[in-house]
C-alpha cells in the first residue's frame, strides 16, 4: 500500500501492525456485534440533498465545542489503554489531534495523565472522560487532577454501569498488561485484574441522575453526558444541567441491540431543541458521515477507532492524517452540498434513503 | 474450543456430538425453513431504547409463571425424544433447569415420565405438554398420571393437528429407535412406527375449542395454549378459560410461512390485555432476545433448542450453563436498559429497527 | 437422490436430464430476469395467520374452475414445445394431470393436438391457450379444431404482442428442431424459423379489446385473459365479457420489471370483486404458495415449470407426483391454517411480512 | 463471446480492451461508490404497470429534445477524454450516435472540437457541456467557438465546484497523457497537470445562479442545467431561465451519498411541472431503464458509460450498437406496456416495487 487514501486503508494497516489481543479489543463489539454493524449501516439510510450554484469558493470546517474553537467538527473519542496501540499512547494521539486543529477526550483508563498529555502537546483541547469508581475517593482524586491540568469538560459515560461481554476478547485471550500505566484507574484496580471486565467491575453501578450534582461539586467543569440515545434521557440531561450530550452506544461495545447512533440522533436533537450541544460518536469513517451527523443535529462528532487506526499505523502522524482525511472529505462534502461552513448544514440537506 | 461463551458455541458442540439424524430432527424446520429463519431474524427488527443513570447496582432476573417463582424468565420448552441427545434425557434436562432455578415442560413424546423426572430432580417445576391422541384413553391416562406426579400445568399444543413434513429428516433417513422409551405415547403408537410423522399421525386432528372443557375435566391443572399467533385466537383462548398462552410456531417446524413469534407477540399481547399470562418461544439464543420478548409483552419465554444443545454437549451441566448464559446476558441487558428486574421492562424500552 | 421430496428436487433432476437449450428455454426469463426472481421472492412478502383448534380431521383440496371440478386448485399452465422435455410431450403431461385430478392448458405452440391429448387421456380437462396469428385463418382453424376436441375454455394470452428477448436462449444457441410437431402453429410458421423469437414474430401485435368479440364469435367457449396485472385491465376484462383472468407475467419471460404476480393479485382481485374467477401463475413451487394465492383472492393457480420438471424427470409419473406434492403440501397448509377446504381460505389468513 | 446481446456484454468487452487507468476512470465512482451502486439499484425499486390489448403493431421511439427530433430518447452523455477509449474519440462516438439517430453532448474536456465532430459526422446533434474556468477568458472562447460550430445547447454542469476524490483512479495511478488533445481545456490547463483532480482544480467554484446571465450573454444557446437533484433547485432553475434540467449525480462520481437519480427524478419533475424539459442520467443500461425514467417524468435520458463501452469495444459501430440495443429494448418495453410512443408513457405505468 502506498499513501493511505482513507480510514479504511488505515484500518488495514493497523490490523497488520497489532497483535490479535489489542486488535480484538479495539475493533470488537458486544454480543453478536449487531449494533457495531448498525452504526455503519445507518449512514447508508440517509442520503444528501445537495444544493447547486452556491458560491463555494471559500470553505471552512471550523466550529466550536463548548465555546472552544476547533478546526474540524471532530474530537478524538476517549479510547482506553492507548499504549496498547503505540508506545506514546495518548500523547501521540493528542499531538496528532492538535496538528489537525482539534482535541482529545482522555479516558479514565488512559495510559497517560492529562499533565503528560499537556506537556507533550501544549494547549491541546482536553476533555476528561469519567467513570465513577465504587471507591469515590479515586474519582475525587481524578476530578481534582483533571481540573488542575487544564481540562475543559468532564465527559461522564452513562452507558456502562457494567461492562458488556465482548466475545472476541475472550476468544483471543486478551489481557491488559499488568505494567500498563493507568494513572486514573490504577489506584482503584491495584495490580491483579488483567482483563477489562474485571477492571470495569470496580465501577459504581448505582450512579444515577442525582450523582451529577456530586460530580459538578467536585469540579467546576461543564459536564457532557456520553451514552444518551433516547429523547426522555436527553430531556433529563438538560434538566439536570448537562452542558452537552453525546449520542453514543459505546461504539457497539455495550448493549447489543441498541440503535445505531445516527438513527437515535434525530430524536435526541429534537428533544434537546438547541438548549445544549449534541455530539455523536459511532461508525465515523468518512467526512460524509460527519456531514450527515451535522445535518441531523449534531454540532460535532467524536471519532475513536479511526484515529486509533492512524495511531497504530503511524503514531502521531497517523492520527493527524486520519483527521485530515476527515477534514478534506468534509470540506468536499460541504462544497458539493452548497455549504461554506458546518453551520450552513441543515435538516434540509438530508433525507431518508429510498427503499 | 474452550469454555463455551454463548449458545452458538453450544450449538457447534452439539453438532459435533450428535449423529446426523438427531441433529437434523433437532435443528430442522418444515418446508423451506423460512419461518425457522424468521424466528431469528425478527429479533433484529426490534431495537432497544435504553435508559441511563438509573441505580442498577442490584438486579434480579426472577419472576413467576402461573404463580410459581423461577429465577429466570426462561422455562425449558417441551422437546420430544430427549434420550436421542443424551442418555439421561429429560432427567438431565430437568436437573440442569433446576440448578438454574427454573423448570421444564415435558413432552407427550418424552422419554422419561414425570415421576422419573421428579425423582431425578425433586421439586423441579414441571409442566405437561399435551398432544391429544385419537385414542382418548391414552390421553386420559396421560392426564391422570401427570396430575399425580405434581405437574403444575397442562401445555396443550394447538398448532399440530398434523405433523409438517421436515425434509431434513427425510434426507438423512432419521428414524426413532424402536426401543426408545415413550411412557406417554407408546400405548398409542405400539412398536412399529419409527418416524415422527407416523407417530404423530395418531394424534386427533379434530380437537377444537370445545375439547378444552374435556381436558379441564380430566385434570384440575391450569391449561396453557401453545401455538397461538393471532389476536383472534388469543381472545378465544381467554374466553375459553386458558390460564396462559404461548406465542409459538413450533420452532419453525409446523406451517412454514407463519410469522416469527416475536412479530406475532405484540398483537397477541394487546388482545390479551393482561388477562392471562403470555409466553413466547422460538429463536431464543441470547439474553437480549429474552429482554425483547419481555418488553413486547411476554412474561417469560420457553427455550428448546438452546438447552438441548447444552444437553447434547455436556448433559445436565450443559443445560445449566446454557440457562446461566441466558441469565447473565439478561442481567446485563436489564442493567444496561436501566432496569433492575423483568417487571421494569416496558414497551417503551423497545422500538422497530430503522430501515 | 432418492424419492423427490419437493419440486426443487424435480428441478434438479430435470436439469440433469435436459440439454442446455431446452433447459435454458424452460427456466430462463427476459432481460435481467428480475421479474423471474420476484415471482418467487413475493411469496416471502406474505405470511400466514393460522387459526387453531378448528376441527380439521377431514380436508378436501377440491374446487371448481369455470364450473368444472378439479381435485386440486392447480391447473397445468400452457407451456410451449413440450416434446422438448419428453417424447410424449403434452400427452404425458395431460395423463399426469388427470391422474392428479386436474387439467391442462394446451399452448398454441403445443406439440400435440387436443385430439391426441384427449385420446391419450380421455376426459381430461383441457383449455386452449390462444395466440392470434397475423394470418387470422390459422387462428380460425385453431379455434374450430379446439371446440371440436372438447376443450372447455380459450385462454387468450395478452402479454405477448412481441416476444421478449431471452438472453439465456441466445447464449446457448437454443433452436426449435425443425421437425417438431406444432399442430396449431406450423401452418403459420412453415418450415424455416427455428428460434422462438421468429416463430412468435408471426403473432398479431394489433390485437386489442375489440378482437375479443371476434374470438368469441369463432368459438362458444368462455374466454380467459392471461397476462392481466392491473386493476384497470381487470375491470376492462370484466366489461368485455371475459369469463376469468389469469394474473400472469408469463413466468418472468415477457416484460422484465413487471411486478411479481402475487404482488399484483390483490389489486386485480379487488377490482374484479368476484364478478369473474381470478387465477394466478408464476413461481408456484409449494403448496403454501398455492394457499397464499388463494388467500389473496385467486380461485386456482396455474403451474408451468413445476409440472414440466416432473415431465422431464419422469414423464407422466413425474407430472402426477409434482401435482401430488402440491396437493399434499396444500392439504397440510389448509389443516394448519384451520381450514378444511380452499373455500375457507380468506384474506384474514394472510398479512404482509414484517420488515 | 459472440455478438453482444446487452450493454453488460459491451462492458465486459471494454474491460478486456482498456488499460487499468482508463477503465478505472471510466467506471469508478467517488468515496465508497454508494451512489454509483444506488444509481443502478434504484431501477429495481420501480416496477411497471403494463396495459394489455392495445394495438401496438406500430411503435416509434422518436421524440424531441429542445425541439430537435431524435430517433430514441437517449442522448450520449458528456464523457471526458474520449480518446482514452478509442483513437477516434468523440468523433467515433458522434458517428455512432448519428447512425442511431441521436446526438452527443461534448465535454469541456473533449479530445475533439465541435468542428472536428461536425466534420466527422455532419449534422449530428451536438450539445456543449460547460465547465466554467477561473480564467473566464477560456470559457468565453469556448462559448464563442461552440456557437459557431452549430452546437444547439449549453449543458452547464452544476455539481462539480470541486472534483470528488475517486480512489480507484489513485490506486491504479491513472494519469491523463500530457499530449492528449483538449481543445477547450488546454488553454487553461497548460502542459503540466496529469491527473483529473489537478485539471478540474482550475474550475471556478464561485459560480452561482447569477452567473447564468453571463453565460446566456456569451451565447444565444439554451442552457441546460446538469446536476440538479432537488425540487428547490429545480424551481430556481426554471426561474433563472434554464431551458432544461438534467437530473444527474455525475454518474456517482461527485458527492457520494447523493440519491440515485431515478429516486430524485419524481421530486424534480413535480417541481418543474412541465415548464422545462427534464432529462436524467446515471445507471442507464437497459431500454427498460429508459422507460422507467420516462414514466417518472423525464423526456429523455443521457447515457455515458454504456455508449463508451461500445466505443472502447468496437468504435463507432459499438456506440451505434449500444444505442440500438437501447432502442430495441425500449421498443419492446413500450410494446409490452401497451404504448406506441414515448409520449404515451405515463406515471400510471409505474409504481414503487413491493417490499
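General observations
Note that the chains are named A, B, C and D in the order they appear, and that numbering of residues resets to 1 at the start of each chain.
Heads up, the rule we're going with is that contacts are C-beta pairs under 8 Å (C-beta built on N, C-alpha and C of every residue); 3 or more make two chains touch, one makes a residue touch a chain.
If you're wondering where the values come from, they're calculated on a predicted model, not measured in any experiment.
With steps allowed only between chains in touch, the distance from chain A over to chain C comes to 2. The chains in contact with chain B and with chain C alike: there are none.
Fitting chain A to chain D on CA positions gives a rotation angle of 90°, reported to the nearest 5. Residues touching across the chain C-chain D interface largely differ between the two copies, under half of the numbers being common to both.
If each chain is reduced to the centroid of its CA atoms, chain A and chain B end up 42 Å from each other. With each centre defined as the average position of its C-alpha atoms, the distance from chain B to chain D rounds to 60 Å. In chain B, the residues that reach two or more other chains under the touch definition are 355. The touch graph of the protein chains shown is a ring with every node of degree two.
The touching residues of chain B, counted against chain C in their complex, run 31-32, 34, 38, 42, 45, 158-159, 161-162, 164-165, 167, 170-171, 204-209, 211-212, 225, 227-230, 232-233, 236, 254-260, 263, 355. Residue ranges on chain A touching chain D, taken from their complex, read 5-6, 43-44, 46-57, 286, 288, 291-292, 328-329, 332-333, 335-337, 348, 351, 353-355.
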